[in-house]
């Protein structure tokens, strides 16, 4: 009686579609995800190729066609996602909903402002479309472990960045005095840009010190950068080593329901309740 | 009797101002700090923009006005800080007192030597003013943990730096022989500058080896630099891992005397006893 | 009876040759390996020199002769390896079998298509021969420990790489809008190439941002790259630290059953009992 | 009787001088070392300046005089060191003895071959003299801790370097095929030089890929280099973390006299003998 099979109402179909396109557990859901990942990657590739000048006429035509095929597929996907969501407005306003919208909007906008032939507009639309790659964020759940380590060390990292910015401001300003506009250090912001290029050990070489004292200062900047690269590594490694070696228990305390206990803990560290059931 | 409310004497006002501008605990103190940080950042930005050539006449005028507004505000702040300090001379001679003075002095100096139109003087004054950013040091207290780790490893770091300098001297001198002035290695100091650029993996490319043997030597320098970057990282990480481990060891349970509790533990994980003395 | 000495049949000779050329334990096997390593290194050196233009006629002749001597030696080695293998087809299809074949094939191919004087063909054949260096893989067994650590952390590393690729796509596309073809960012793929050059802190300087906003974005890319280099290091170090710790835990004393001994410990540090079973 | 004060024989003088110039413990010895370090640094500075062209006539003369003063002082030091050594020949053949000789020899050689005005000879002699800086090695004893960690990880480091060299050979050869001499990759050795510049993230930019496929390959090389920099860091950090957290006992076993026991060890791990004196 309680198992009366429901007829094929749209509602049940909706549930099953939702399982396929939002879930990761069923075979159909996994296949859907793999196909979607492939489509995203190919469409991003197509948009990259579109920006390469010097392709023949026929290539350009093929790319435009492919572009519209992808836009229609992603529009369909966006529509179905809205349709099957229990809370439609919540999905539309969510990060993934916005990314899904952003990945189709530029193509349609291109139709309306297509006759405005400004280069910047064309470039901008093309690039907005390439953010389709952010649709992949859904599948990078594994990154959570890394992100969590970074969140735990966020105060230390913030302090590190502030120190680096103060250091580059100081060194950049000094170089502006020492080298001056005649050697490429035309303004303080540009000198700070040079200091960041040097302290991060990137070293483009578009601006380089020419005077002896400038080269001495530059050597100081580089050695500083070479040494303090140890700091973010040290912070992050210490967090990770602690996480790996401690292997926190997934057991939850029966009284205060908090988790995160050591592997050898017999009592909850938050409320003192016994963890094995009877104290 | 002991609570006789004091009348509004300058002394009590002084105490309350001191709480606001030196303290971090009261809401008013925190607001003051946030406003000051914003002022510092904006004034540094203004000074950076001033150094950019090609800005219009009206922009230059606006920046000069803004510059003087900031100077007056910081002068007022400096005066008030001196006024409310218990030990005024100690504040003036302290690091923060000197930075506060340095951040207003160059503007006033500019008035007196303004007619001397040497470019270097102008650049120097501008840059001295930008050291206003050091006023931020007050708010980077968090950096202490990082600085402490570095201080503890200072002998190892000093040895590391001496070794790097000896290495770059040796490699730079060798390149001076092998490549010579005709390939850009015009003197030993310049060759050492090149060696530092290479061993820190910055690689501007303003001086590069041209001969086969020179390129072979350069490859050696780069591989050395690529490997020994592990040393400061290793030293710093080992210090940080040890600090994290030690913090776990320092809290002992009052009942079972066992240690190795998490930093945030409130109850002993071995016997359930409260860690703060009485449960 | 069971020790009847076999006559010198080809089979027993085969076994003994197999021991020499496949084994690492006998003195003859070690000598064979050292000679082979030397031959590989010298032959790779010869091929490198061949690609250097500007060598005299007589040098070219000597290198060609040397090249053929090496080819014949490696052909002989390949033949003998096939001859003494128990499962010949398995050897031929194995990684090492293919590398051994690849290291001689290009020389013979060069005979047949020698009259086709296309530069690309010549360059291709030369390079295929240089993969002879992969014959060294046989002797890098030690690398297994490192490779194992990487395999264990492969999911985290894959996630890291995907994130880096998404980041460089986003930053590269933004730079394509901001800087545009007139500043060297001629297409999105080229802009992504620039983003990879910058985020890995390589910084060739063949493409550099020219506009102020572009340089600001570039500074962001560099600081990001400078910070996230901590992630692979952290992952790898945590794995290695855990492996070292685990190796200590795996040996237990037979008498007091306590663990945590050093790798090189022969006696239990807690009770003095021999760790190898009988003292 | 046993305390009969010896007369001032040369032997006792020799012992006392030996204490001063070889020892680090007495105040006189420390003063001697500090003066010597200062002399070395100043003399190296002088030699660097000598290589800078464009200095005036009078400067050149002053530097030459300073150079000869230093040479005479170091000659005196070398003579005294030989004189007071117990085993003179051992000192002369030791690393420090050779460095001491090398730091004075080039100046005297310059007298004899001074009329041969080849630039290379002059440059060579100048550089040989700059190796005086190696005299500082005596005072970098602290580096031993770092060197020991590296020695313990030497097999892993060797494997790492071999892998990097094989990788750069393979990538360099591929780039030689893909880009070819017309884009600066004029020979396989030069292409390998480029691969080392790229994989170590130095990136001079003197040779850069021009074709699309070449830039794709280059991106692979850079990402590889960016990731495998984690390997030496991980190896070195794991060694250091183990050393720091274990804090090996300096106690030696009474039976087998071996040290390097854990801090909680009660029995020698090498021979099972009790470490507290009585088993």
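In this document, chain identifiers A, B, C and D correspond to the written order of the chains, with residue numbering beginning at 1 in each.
Note that in this section contacts are C-beta pairs under 8 Å (C-beta built on N, C-alpha and C of every residue); 3 or more make two chains touch, one makes a residue touch a chain.
The model shown is predicted, which means the values in this text are computed figures rather than measured ones.
Engineer: Interface check for copies chain C and chain D. Shared numbers divided by all numbers used: above half gives same, below half gives different; which is it?
Structural biologist: Mostly different residues form this interface, as fewer than half of the numbers used are common to both chains.
Engineer: With chain centres defined as mean CA positions, report which chain is farthest from chain D.
Structural biologist: The most remote chain is A.
Engineer: Can you check how far apart chain B and chain C are, centre to centre, with Cα atoms defining each centre and the answer in Å?
Structural biologist: Measuring from centre to centre gives 42 Å for this pair.
Engineer: Could you put a whole-Å number on the gap between the CA centroids of chain A and chain B?
Structural biologist: Roughly 29 Å, centre to centre.
Engineer: So what's the Cα centroid distance for chain A and chain C, whole Å?
Structural biologist: 31
Engineer: Counting only residues that touch at least 2 other chains, which ones in chain D make the list?
Structural biologist: 189, 201-205, 225, 229, 233, 235, 237, 241
Engineer: Quick check: in the complex, which residue numbers of chain D touch chain A?
Structural biologist: Per the stated touch rule, the residues are 201-205, 233, 237, 241.
Engineer: What residues on chain B touch chain D, complex-wise?
Structural biologist: Chain B reaches chain D through residues 155-156, 158-160, 162-163, 166, 169-170, 173-174, 176-177, 180-181, 186-189, 192, 198, 201-205, 208, 212, 215-216, 218-219, 222-223, 225-227, 229-231, 233-235, 237-239, 241-242, 245.
Engineer: Give the list of chain D residues in touch with chain B in this complex.
Structural biologist: 44, 47-49, 51-53, 119-120, 123-124, 126-127, 130-131, 133-134, 136-137, 140, 142-143, 145-146, 149, 157, 161, 164, 189-190, 193, 196-197, 199-206, 225, 229, 232-233, 235-237, 239-241, 243-245
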